[in-house]
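Which chain is which? They are A, B, C and D, in the order written, and residues in each are numbered from 1.
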Amino acid sequence: MLRYILLRLLLLVPVMLAVSLLVFVLLHLGSTDPALDYLRLSHIPPTDAAVAEVRQALGLDLPLYQQYWIWLCKALQLDFGISYLTGRPVLDDLLYYLPATLQLGGLALACTLLFAVPLGLLAARWQGRWPDHAVRAVTFIGVSMPNFWLAFLLIALFSLWLGWLPALGRGSPGQLVMPVLAIALMSMSINARLLRASLLEASGQRHVTYARARGLPERRVWRGHILRNAWLPLVTATGMHVGELIGGALVIETIFAWPGVGRFAVSAVLNRDFPVMQCFTLLLTGLLMLCNLLVDICYAWLDPRSRLQGVDA
Amino acid sequence: MKQSSGTLKSALWGLLLVTSLCAHADRAAPTLVYSWPVNAGPLDPRGYAPDQMYAQAMVYEPLVRYTAAGTVEPWLASSWHVSDDGKTYTFTLRDGVRFSDGTPFDAAAAKANLDAVLANSKRHRWLELVTTLERVEAPDRRTLQLFLKHPYYPTLMELAQVRPLRFGAPLAKPGEPVGTGPWQRVESRLGEFDRFTRNPYYWGAQPAYGEVLVKVIPDPNSRALALQTGQIDLIQGAAGEITASTFVRLRDQGFASALSAPLATRSLAINTGRGATRDLAVRRAINHGLNKQAIIDNILYGLEPRADTLFAPNLPYADLGLAPYAYDPALAARELDAAGWQLVPGASVRSKGGEPLAVELVFLGTSALQKSLAEVFQGELAKLGMQISLRAVEEGALVSRQREGDFGMIFADTWGAPYDPHSFVSSMRYPGHADYMAQRGLAIKDQLDQRITKVLASTDPQQRAEQYRFILTTLHEQAVYVPISYLTAISLRRDVVDHVQFGSTLFDVPFEAMTPSQEH
Amino acid sequence: MSAFAAVPHKPLRLRWSLAAGALLVSLLVLLAVFGQWLAPHDPDLIDVGQRLQPASMSHWLGTDHLGRDLLSRLIVGTRLSLGSVLLTLSLVLALGLLVGGVAGFVGGKLDLLLMRLCDMFMTFPTLVLAFFFVTLLGTGLTNVIVAIALSHWAWYARMVRGLVIAQRGREYLLAARLAGASRWSRLRQHVVPNIAGPLLVLATMDIGHMMLHVSGLSFLGLGVTPPTAEWGVMINDAKEFIWTHPQLLLWPGLMIFFSVMAFNLLGDALRDRLDPAQERH
Amino acid sequence: MPTPTLELRTLSVASRNTLLVDQLSLQLHRGKVCALVGSSGSGKSLSCLGMLDLLPQGLRRSGGELLLDGVSLAPAQVRGHVASLVLQNPRSAFNPVRSMASHAQETLKLRGVHGADARQQMIECLAAVGLGDHQRVLESFAFQLSGGMLQRMMIALALMAQTPYLLADEPTSDLDALSQARFLELLMELVEGHGLGVLLVTHDMGVVARCADHVLVMDAGRIVERQDTQGLFDAPASASARTLLDAHHLLTGGHP
């Protein structure tokens, strides 16, 4: 098992390298020149001389492979360069903003599991009766709701009309409620529907019939047999949803003025701040790969078949 | 334009009352709370992005300060003398001025700052004075001499600008801003706020406020909400702090508001070198075809006065009494017909010799205001039989299109005081500008550039005014620009702050002149 | 002979949702095709004097911040939203079939490489990937479509590969090969029809997801260029007026919501009908 | 004292509109094997499951009263306490994510047996069904054991539950000839040794011939003939019995 984890961690390096090269090339072949953005934000007229000077100062005039080589050497010492716009080391800014996003993403993930599991269970337990229909209706709405529109509805309802919650910013717990809900509703609904489907499928299995035949009480049949098997698809889905939550954070942070890494990345992308974009994609890739590894480990721990038969990576 | 359902309005008032009651107003050293989209930055006296100009204007001071009347007044230099040939400027420095770390401000410190600018002239060369400045001398403690390569009349104007020709303590460590200004920056928390307190050694009158807290709020809607809920006391500036509609809504709700004098011109640059706009008649028809007043009243809520000329009359050398292009669609149609742009019955777009009257209007996709204006222009000019295709781009692409002249028409505002008119006009000579690219198609473009060079070097004010008249009149008659409105700074404040004034330039906010109001 | 496996029968609910889904989707298609003629006013007609009017007889849903009729813009917006999504879908299906088909059919090292590429694309959240591509390609609807296609194709490729490999083992394919049918005709006659079912289900389920992304990117200001009416852009424009005219924000959101729901409804029903076993959230 | 019996009265099973099992009644006696035979689709498996009320979703059960020595019992009281079940496809009958030991512990816990003596009983039962290497078997999962071993594990679980009766639904049809013979041998030992009462559902007349004392022949959800084994083989009364026997003779070429 340990050997498998080490192998996956080693796999992380080549993938990150490939992603960084791909992103580097795509960025520099992109449409516009970051020097222009720098001049614009500095209120300096973009004459040819000024553009040339800034390109030289930012090291953009070197040939592409040389730029990448310089970046790579420095990156290996965790120095991801200086942001074109803020003049601060890129990694410090990203790590400064990361906790806010992790707080939002983490809470959204917790909220997803907190609501998806009971809802899924409720729907599967009373299949066909009113709780099942209610849950299916709610989750169906959740799946079809655009998160940015939901965010505005929440703002209009809770801070504009009822005035209970502050509409934006970070700090007091009240400011957490709406952004988390706006991000989590979609993945919560998806997971609830998934859990319901996998519960129904599991409860139809023959080993459940056999368990009941052995006289086990219904409660133990559900906990010991149905649930134990229904967790598996949920684990893989949750792994995928970490990515979706970060995607959601991108949009939601701009609406709620949440000082997270998502909003920072959006502004960096709009202002062509290459070092920040480069570092952000690497950070994101690393985070997602680790999440996938975590999911696989959970899966192997929960499902002996994959553990003992050798996991198909 | 009162338009809101009953419950909504009462809810808002309720929200306002609740929050303003609990807003703390500590009496010790009152704090003025302002907001800005981003942090102030390391605040290097000569620094560009990410340093924010409003903060540099608070901490660093110029030799001479630009006034609302468009002239300069003595500031760090109590007096100055210009040699007859206009190439030597001798300044007598104000006595008893000290930096916020207590060290004295003298000729040596001033020379050190200006030498630093000359040393990095590659970066500062965009400012004409930096290329014309030969060397700086400090004969004694209170005398500073600037020697120019050739006479350059806007020297004093460019010395007044926020950067790079202001003065920081030479020995200050980078990131530790030490200036002679009324404020010093004591704390900066990324993404949250920047805190400024009074400079204890300030040579001028101590500001009424003990502290200015500038919160980081990137989004205009969030900024408006912060004002409503008492999280900030003041919204002021001309950089789109809040949208026009929000300004009107808050003003109608009773927030004290003010509009500044014209500071810059919101205008479209028309490409004289490409497509249908090569034809003067087309450019004149565009100027006549846009009902600017209706647009200003509805899109800009009448907040910005209509602009008839490229520079507002209150700017130096700009009061020329040029005949404005009145809104006269009939005249525009006649001019187009006369110029051969026929509207074939059945077609909706005029054409001449097979070429359709189509112009591409490029605008900033992320600016709601430019998007609305672009859509209205498209609608209005369509009535004249002109096909305006809209092209939304983000900031980076807008600048590159301006540089390469890749536009039919493009939003290109003037730089505003104190750059207008001299710096803006001077920049027209260099490729890589929307203006250069727009004027490229004019036959007399070369003559215009020579005239600009001559005006900058002229020492005789009368002759200078003559050159400006020729330049501005030519640009006006050739209809290279469509001036829309004069950009004004807006100001909205909670009733906890008084004596709110506007800075004389687009960038500075005179916090030192503001006082906490007495009633509270 | 496992007589006691769940006896397959069509619960009432399934037929109902299939009908409802199909009805809503066809309504959307109707709106998209005949949009202009159905719209009471010209959606792009700017009448600055009539700004921000509440609902009235002439303008059933009122007017937007430039005085354009909101209802007409919503109706015409259908064409753009639906059209762009269907275009994206065709691009994604093409890519998915190509890559998945080749990986599945050729197998070996190429298959491994292509699947690793898929994994890399699948780890990235689709919206972040789309956002990234748009900023590289520049704004505009065509770029948004390409960006979303680039971020969604991996799922399809992975599924197509799985199905192709599953089909390849089937006897009739071996028989066809023995009968000397060329590889291409085998793919066309035998493999594709069997893939169509699950692929159709994945596509209908995914349309909703893509529609959310198109409007999401437009909301961020990177998508459709004005003045064409598109729901995401309309929400972006209405953002400024949330305090005074929330209805400007409400209607476009509702349109997105209902069209996404319609496709999800249809997708669910199709999935239950075509292959109950295949679970995809 | 009449031989102890487990009686099922008038069990009916129906899906939405078709009747699958019609008024089925039968009696099981300790130490006796009662075979329930019929062609596939005759509803014999459904009856077996219906008896313990283990029908899948969508099927309705009516009637089917259970009496142990004349005393009426609810199916839940019978399941695991009075009667155990052995299924056809053993691999899918075990929870894939739980080891054999945890299945056994679960069953023993029902009888309040914990810790050391639970372990002891497991070892004994496994030995009884011929799974000597109990350490490996207990730690392994379903996918790690063969069909035959899993089948015998089910018997072991029944032994652990100490239920007097055993319902076996086509226990041998998935096994190869050798493990089939061994399984039937084990079954007969338990019937004679422990006085187990068995309901054997099968379509293989060879199995019936070898083990069954009494035979019930089912067709289209109804019992069409009840006789003892010898009588059935000699003079099958119902048409379906005859077809089953002809098929059997064809396969085995003559008398059992």
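Side notes on the structure shown:
By definition in this document, a residue touches a chain if its C-beta (ideal position, glycine included) is under 8 Å from a C-beta of that chain, and two chains touch if they have at least 3 such contacts.
As the structure is a computational prediction, the values presented were derived from the model and not from experiment.
Number of steps on the shortest path from chain B to chain D, with steps defined by chain touch: 2. At the centre of the protein atoms shown, by the Cα-centroid criterion, sits A. When each chain is reduced to the average of its Cα atoms, B sits farthest from chain D.
For this pair, chain A with chain B, the centres built from the Cα atoms lie 40 Å apart.
Taking the mean of the C-alpha atoms as each chain's centre, chain A and chain C sit 21 Å apart. Rounded to a whole number, the gap between the C-alpha centres of chain B and chain C is 45 angstrom.
Rounded to whole angstrom units, the spacing between the C-alpha centres of chain A and chain D is 52. Counting only residues that touch two or more partner chains, chain D has 49, 56-57, 89. Each of the following residues of chain B touches two or more other chains: 8, 12, 366, 394, 397.
Each of the following residues of chain A touches two or more other chains: 31, 160, 204, 209, 254, 270. Residue ranges of chain A in contact with chain C, taken from their complex: 15, 18-19, 26-27, 30-31, 140-141, 143-149, 152-153, 155-156, 160, 190-191, 193-194, 197-198, 201, 204, 209, 233, 237, 240, 243-248, 250-251, 254, 266, 269-270, 277, 281, 284-285, 288-289, 292.
Of all residues in chain A, those touching chain D in their complex are 127, 204-207, 209-216, 220, 224-225, 228-229, 302-305, 308-309.
The part of chain D that touches chain A in the complex is made up of residues 49, 52, 54, 56-57, 76, 79-81, 84-85, 87, 89, 92-99, 106-107, 110, 141, 143-144, 154, 157, 161.
Of all residues in chain B, those touching chain C in their complex are 1, 3-4, 8, 12, 220-221, 224, 243, 245-246, 249, 294-295, 298-299, 365-366, 368, 371-372, 374-376, 378-379, 390-394, 397. Here chain C touches chain B in the complex through residues 44-46, 48-49, 51-54, 65-67, 135, 138-140, 221-222, 225-227, 237, 239-246, going by the rule given at the top.
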